[in-house]
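The first chain written gets the first letter, and so on, giving A, B, C and D; residue counts start at 1 in each chain.
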């Protein structure tokens, strides 16, 4: 596929399965690349979810690999097993039908703040994109999120939050669309990277951004930045031109 | 295109639009790679500017994508919208007709010093290249630079400066040519990187470079290093041989 | 070779020599890439070992380059010399016939903790994978491990350990299979990287992971994570499709 | 060229000009990649030197680009100008006819210790390779090394040294062969990198390596590690198979 973007058509039309593949691959490049780790779920609203398969990395999945599963984690369509960590997502989608997309992984810098159990300051404009309200630190390690009980506790601790650090583990990011989840995942990793850089240099803990700006940005639903998601999609299609074929 | 450089002809002849594309792409490799962020304007001196388009990244633009716009931001030639952040550049070019080229972005290390609101020392020769006088810290965050009022304040705070850190945001670099802007953008990022490295290691705050040298270097107009810009151009043409085709 | 994975067949069938090549190459990507350094031995249980050849890097070896040697280091099959540092492995395999696979190298972050002679905390789930019991610090530098006497001392200091930092030198990782050695080598480098990141940022020294979890994870034999090794193998085969040919 | 190494023939036969090209390119990958910076001279012993050309980067030069110049810097063979910084090398070769090869550049981590004006401890085995005696800190900045007077002072300050940090500038590495210069340049950058990593993490200042080992290693002439240089050469030839053609 040799897609040439125009102002009216920034990317090809995409199915939800293609969107999941593109989200996984573009986030891999952003630092969400911990081997087999990571799940993305997409609530179809009919009692089923799309999700990435277990046993393949985010860098290698293709549209044909995407699963459709029930809210109990049973595979309805697809040839692969369900990710081991899916209980976290099942609990989440059962508790919060408003959430369309959920992303979990162990990104390079997000994981460091989860390890430190501290909040990364939002030091700059790019770090503040995408909204999602206050970042929540879920600091109760009950083993991996692949058992139902600890998944339920994590979802309870999240409350109405949409962005979380899971202490000693990774991050959890929610959104109403793939686009919003992408925006928030990129911004969270930039926030964590830049805050780490400032911290390692012994820089000041307070941000240049005024409180009114931070509050305004935090209220974003993550869907407003036209072109941001599309730029990520085009980079993946340029790297693997036949990615959408199946 | 299979260009072979000779001492008399280091790179092919370039139009201003091609120069903008090559500047954007070579700076992307230098760390100016924050997704859709970044604008480059080139004052044609006839009341119009060339600039990169909105909705495409610096890594993917081609000569055909470059816009010509008025000093009020109206598109005269080109199919793409004007970058949202262009008011900063419009204010600048209206206030300072001597400036031919202006570059704004959020580079990897420059942004960290903008986040810390501190001046990176000039620790070495490479960090001192390109001149541009004193680095200015513009520490007034009035929201993004995409509204006219805050753009005007930023231009006022810059005064006659040619290099700035925008607190909580990124950098702003001016020059009389694309070549000069390139030299300064590369040197500023090296300065910020090396100073961060020294700082993270708890190194001394004073530079090995004597004051007379720093002052001499600061007075450079950025055009004197024959071959520096050309080396960056060749690397981009080697990576994408048909880049100049259109 | 254009291998397409399925749930029943995640990777092609591999000979032990192919496994060694794939282990070396995938670990190179994980940071085990110190030029000519590094050896992998595989105890065939018949008085001979397979090992990588001297004079070729882990990035370039192919199945035809793998040696078979005796427990005294004599080459039985293969055209290359034995690695200079092999005495460490010979001592190890003589003393501990239970160990099938041994890996030594100087990875990016593991070497830093070996240089600091400190234990990297296990800050997160990924860092705790693969087991291998307590990480042992062997802090006696008697010259390189390429003489028998200092190799013997190192093996004695290791005791029944399966994971070690060799002070001022690198790491040593044991396992019952190539798969287990891979899991442990990846996890150890992630542990060392993340702990370095926390340390450089002045983060807390204690881990979020509870003691019971750490102890449970430490008891793993490294073979339980189905698909982890296979994902690494597929990435190498995608990068060099004819790698298994010979 | 599709060269297949054997134990008797690790690399193709190389001319001195090809060796310079391969040294420049492999060191670029090791962190010696500051744009147009860097010179390599090779004393032919007949009153002339080979050197890399000005105006081309170390990453792009080919054998045909190598110059032959007199000890006064006049070009005898070759189409390119002499590097601006060559006076440092001319002074060196005039003062020390025993030195065959001299390398100057601004590598990623070496430059940081030159900026800090501190000695990086030798923390590990790889950092101690290649010998060259004590690392000398030349802490007199008289402007760039491209004028004869400051070049002479730098050579005097170096004394009989073979490895130097040039404060606020970069590094200077001498050897009797291209192979030795390569070994020393790689080891110096590893030493500087690992020491920076330890320092940024607040690690101990003393090394695990005993004094007798450090002294023994320091006496190496840099030529003894068979296969090390050859591995670097093969990686470059794999990346650009027609590199030796001319």
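Heads up, the rule we're going with is that a residue touches a chain if its C-beta (ideal position, glycine included) is under 8 Å from a C-beta of that chain, and two chains touch if they have at least 3 such contacts.
Not measured: the values here are computed from a predicted model.
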| Steps needed, at fewest, to go from subunit B to subunit C via touching chains | 2
| said: If I list every residue number at the interface of subunit A and subunit B, are over half of them used by both copies, so same, or under half, so different? | reply: different
| field | When subunit B is superposed on subunit D by its C-alpha atoms, the rotation angle in degrees, nearest 5 | value | 90
| said: Suppose chain centres are the mean of their C-alpha atoms. Which chain sits farthest from subunit C? | reply: B
| Distance between chain centroids, defined by C-alpha means - subunit C, subunit D (Å) | 32
| Distance-wise, how many Å sit between the C-alpha centres of subunit A and subunit D, to the nearest whole number? | 45
| field | Per-residue overlap in subunit A, given as positions that touch at least 2 other chains | value | 200
| Hey, how would you classify the chain contact layout here, line, ring, star, complete or other? | ring
| remark: Touching pairs of chains in this structure are A-B, A-C, B-D, C-D
| request: Could you pull out which subunit B residues touch subunit D in their complex? | output: 5-7, 10, 123-126, 186, 190, 194, 197-198, 200-204, 207-210, 213, 225-228, 230-232, 234-235, 238
| said: List the residues on subunit B that touch subunit A in their complex, please. | reply: 34-37, 54-57, 59-60, 79-81, 106, 109, 111-112, 114-118, 139, 141, 143-144, 167-170, 196, 199-200
